[in-house]
């Protein structure tokens, strides 16, 4: 309860605080401190939920169940590590003159607000608030994407804004329809949009309306998940924004969007006695995975490439949740976790690498191992991990997804494997020469913060070999909750 | 292993050591006669060996231990081979030690060593000869093995003793498979023993020679051993051929009387075989080295054909 | 049983210890002394221990355990039975030799820091051990890919060279593709039970179609690792790229894990095979063997030559594998056991002699910094240790008696000779052809080995600098000697060895090779019966040595031992330089001529009026152009098509999402 | 309830649809803004009618909100924008007007088909208008697709918002207040950010033609 309050209050306060304080030399540390406070609160909240089970609060406007509590923890954690990473990164950017004090002020406060919106979206019980939070998440990041004010960044931000705005608008229509369906059952009072209530009565919801609603919600939130062919904003936004933002977009925002989709899916599945919702998600997931794999092999900009890889993995998760069932859901949740850990770690490493090279063009980044082995190893290992090489967790989840697919939708397995193979060839053939070989890079003024990278990779490694029982139990509850 | 077994084994060894060079002499004599030349005496090869042993051996500066070792190894292999092949009797203690495949293996081992030794000095012709020898080898070996396989499929065994004894027991009938095998075997043994049409034992023309190129640097006792080994090889091949295609007269296990007769029979058979060889060498012309692969390939295919014919006709 | 239990624990302990050593290497990443004089010898000892433990575990029944790691639903299952024990022995024996050599081999300043190298090397060893122990799909895949990963990093140790990067990428890519095949195979094997333990897969009985598909997938997946044509392209790139001990380990041991996988799936998990699987394996294997040996004969880089020779040997192993399948399919168990034994024995032999040869090339490389055969020669004088041990390896690789290579070839040919009893007439026709092919291959192997040894160690040095070459150091000699002795012992005591590994056959086929516990008597190897076939290397060796010794003594006794040194005669040609020796290309020429269709050759012939005439010939692998480049092109084309989705116009993007919405709405209506 | 109200609501709904079509075909940017304001007005009117007819008092609130936001504030902001950015040019469309009309009609039919089965479930007096709301959304979507300048796209975006609100009031009597406030806040902030954007774009490309924004692509 108090923990929940803290989880939401701290980043909000941070956002405004950092704006009021304005840009000062210690701003990155303050930012990190707020993030740490958030993380501590999230840990407390998690601890509560583990000990006392699901919590609801503020007359049920908020609730935390096994499904979202681990996402809250994950979000707070990655938020913390990202803030740590962004300290030296942003200082270097400032010295390069790409970040003015004004922009840094914007960056720091928006960073906190962004965390707030995501945590809000995760913890709210009200589908309407959920929508509001998602829209707000877009608004807080859109200015960060264009923060460099380069033509490319402006273009990226514009597309991000318009496409996601339109998408979100559709989600709103879906929400309206949902409410329309709900109020016939729950009556006109305000709690007709509360997920917990909807979940109880989902079987009575009118199928005709719900199918329509789900379509709008899927297409709407799916735009933010980056499902092909709604993905077009994603590579641009990731490539042009500052790297910490790419890291949190890829590692967290996509997760949150997918979280919205699966929340809606649960209701739709309940209302419709067909597999319509699941099949839709499987279709989108498969399409995204395959298309992204082929996109990958044409990339020259490293952040863009990993953005496409995010699309691929999001597709994989969507496919998994679409299949449903305890194992697939478990795998999807596991994949969510390891993907955001590994992908953000990769973006950290990429950020430092790109700063050393002064460019994001891959053919101009060479021989990282020579100039700074730790960045090099970080990037190499991270890449191998994201490509599904054992013993990292990504392999574990992909193994589960693939094996489940073999059982239930054998036809899809070869496609998925094809996509994974192509992605492997595409990404690895580009990353390897960046890490290996002779170098043209130079040292950086600030010691790169690589602890986050290796912490993330370490966790991913652990999840591949050994999933702690409470975590496993947690995933299983969440998976059951998703049906 | 019985005492007489050991005796027979020793007898076979001695017979090989003596008869090998004599066979060579015999063939040379006939070639001379067929070519209207006055022939050297039958024992000429033995005398040559004796002479070579007395000569000191001149060795190239670079020559290594391997070079000095090779002649002994080759000689050993050949003698062992001719002890394995049933010449006089099938009751040989060594028979179980090595079967047809091992026999081929022995020849190959000898070839490996002689080729390496030829390369050791590092002269142009040495390595050239080594290459050609191996070329001949890798084509002839499988062909020879195919021949042996045909026999062993007929007799359901790869042990030479068993092959011979069971072949000699069957009634006299031309097996088509054996006919094919016979042709293949003839071609192979011509090639393996450096006879015309593959190689000319009498030539020292640089660009054509094979065997001579291998032993080009050798002299004295080492050369003697190598020549003797060559004679033994010819002997072993002939005996193998005779044992497979004309197995009659080889003494079976514990058959003393046959053991007495087996030597004259063997000599007679060798004499005939030698004449045949001489005739072949007289009427054929040596072929270009580039044609050799085709020659041996056809021998190989004939061997395979023999195998198939046997499986097809069951005979 | 207790013995096996101990064996399993021991094997796990050794694997764990290897991982631990690897970690320990990171403690002092830059100190060569610590790594070379402490860690690597330690791991060598561990290798011996592993071999001993596994050997003890071989006869006992299977013993399994469950480790506390892995997925919640699917923890690591481990199991040690005769098959895995055999391959563990192989790993231990070869691994120890390589490790002790490596201790003397790795120097500072060559690519990766020694500590990191140590980590990768030992993770590689440990992963291989775990692959052999794994008893469920997840554990297997994890260890399998870990193995590939570790070896990839080892291959790219010297990653500043572009070719090595390319080799590494190619290697990892094909390994990954293979892994995908294996994963699919497991997916079929568990037959929709969702239980991925091998135990469950054993229990399942697949429909013929599914079983065949699973077999083919396994052949594909493991073939990619074993270097089966046309998936072999990575092998001749990766082996030369890697440091020699690593090449030795990859070629000697890692390739065998692929064979282990095939045997495990075909005989253990799939149950009774179908006869045509065997034919497929025979055909593929023979093609691989022939391809490998022919290309080996044409190589001019000593490590590439050995790599291709490895392809050849794996081909032979697969041939034996196929033969075993055929016999098993027709329930001709004794012969199946014979073929299986031939396969296992050849795996063991190849592990020993190929590691030996690769290590020898390593020493040569260190002594001369030269890999191209055209620049070597005459090293027998300067590095006798390496040369003589290599000679043993060469004899073994050429499959000549009394070496170990001959034993396995002998067993294989014996297997071929008893196919008369096969019920299927076509097979009766077919099999002799395969036999002929195998014989041809092994004869060619002799050719290749003469080229290898002769050009490197014999003749006169083709470069002046070779005269400064020094022999290998103590630890390297130790490793070489260890493996060489392995070649000799395995060659001379086949009966004992076969009786040791016979339990594998009785486990997989239900019937061992030994009748009444013996395979021939202690001296004579007679797998089927003394009348049919017998072979006694020891007797042969003794007699041959006696003859040689006798000849030597008699010649000295009756004649003399005088020797005079002089310039080589060479038909009296006055001017003789080292350059006039036959070159590696020259040695390859007859093969190139005979097997011309197999090659993709580019010749540059000088004209008659050339001032400085040069003859240049480059040969390439047709598979590369025939198969892999088209695939790459297809992917490229597809990605170009997909790229059109992202044309940059926001209006188009909006249109996409609009159309998507409309389409999905339609679907919702329907 | 009183049929008059139903007719009124339907009238306003028709007006909204008409305005949507008008925007689709409108070339002049100022006129676009006026049309947008009018649409907001129609929306307010229908909301008020519904509130009046059904006595859902919180709807008055949302109507007030709508009026403030969509009739006053946003058009005003837009006016200032284009005055500051001095963009008064004609807006050429990507496909010609008649075709767009045709497509629009098809969309309307499609929207009605979609809405028909579910609008029967509504207890709202404005149930018939759900289809119109959906049509408005789709039409403004179409408008966004076919406009090649930044400002018209923004307007299209906003009119889509109108359609959504109309759906909210017509299908159900408006969303819960907290949600409506949130939505309104988002729209407002979004509008501000858009303004900032347009300035940034302008100073980068000294034009608001989004043809400049086509650099990021796969080639």
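Here the chain labels run A, B, C and D in written order, and each chain numbers its own residues starting at 1.
Simple rule for what comes next: contacts are C-beta pairs under 8 Å (C-beta built on N, C-alpha and C of every residue); 3 or more make two chains touch, one makes a residue touch a chain.
Predicted, not measured: the structure shown is a model, and the values here were computed from it.
Minimum number of contact steps separating chain A from chain B: 2.
Contact count check for B-C and A-C (C-beta pairs in contact): higher for B-C. With each centre defined as the average position of its C-alpha atoms, the distance from chain B to chain C rounds to 36 Å. Separation between the centroids of chain B and chain D, computed from CA atoms only, is 102 Å.
Rounded to whole angstrom units, the spacing between the C-alpha centres of chain A and chain C is 44.
Rounded to whole angstrom units, the spacing between the C-alpha centres of chain A and chain D is 31. Shared interface positions of chain C, defined as residues touching 2 or more other chains, are 643, 645-646, 650, 654, 661, 665. Looking at chain D, one finds that residues 114, 141, 144, 153, 210, 213-216, 218 touch two or more other chains. Within chain A, residues 158-159, 162, 166, 170, 212, 235, 295, 298 each touch two or more of the remaining chains. Working note: touching chain pairs come out as A-C, A-D, B-C, C-D. Contact residues of chain D toward chain A in the complex are 114, 117-118, 121-123, 134, 137, 141, 144, 150, 153, 157, 160-161, 164, 167-168, 171-173, 175-179, 182-183, 185-186, 189-190, 193-194, 196-197, 200-201, 204-205, 210, 212-216, 218.
Taken in their complex, chain C has these residues touching chain D: 643-651, 654-655, 658, 661-662, 665, 669. Across the complex, chain C is touched by residues 94, 110, 113-114, 138, 141-142, 144-148, 153, 210, 213-219 of chain D. Put simply, chain A touches chain C in their complex at residues 158-159, 162-163, 166-167, 170, 211-212, 214-216, 218-219, 223, 228-230, 232-233, 235, 276, 280, 291, 294-298, 327, 367, 369, 384, 389-391, 395-396, 399-400, 402-404, 406-407, 413-414, 417, 420-422, 424-426, 428-429, 432-433, 436-438, 464-467, 469, 472, 475-476.
Considering their complex, residues 61, 126, 128-129, 131-132, 135-136, 139, 142-143, 146, 149, 151-152, 154-159, 161-162, 165-166, 169-170, 172-173, 175-177, 179-181, 183-184, 188, 190, 192-193, 206, 208-209, 212, 235-236, 239-240, 295, 298 of chain A touch chain D.
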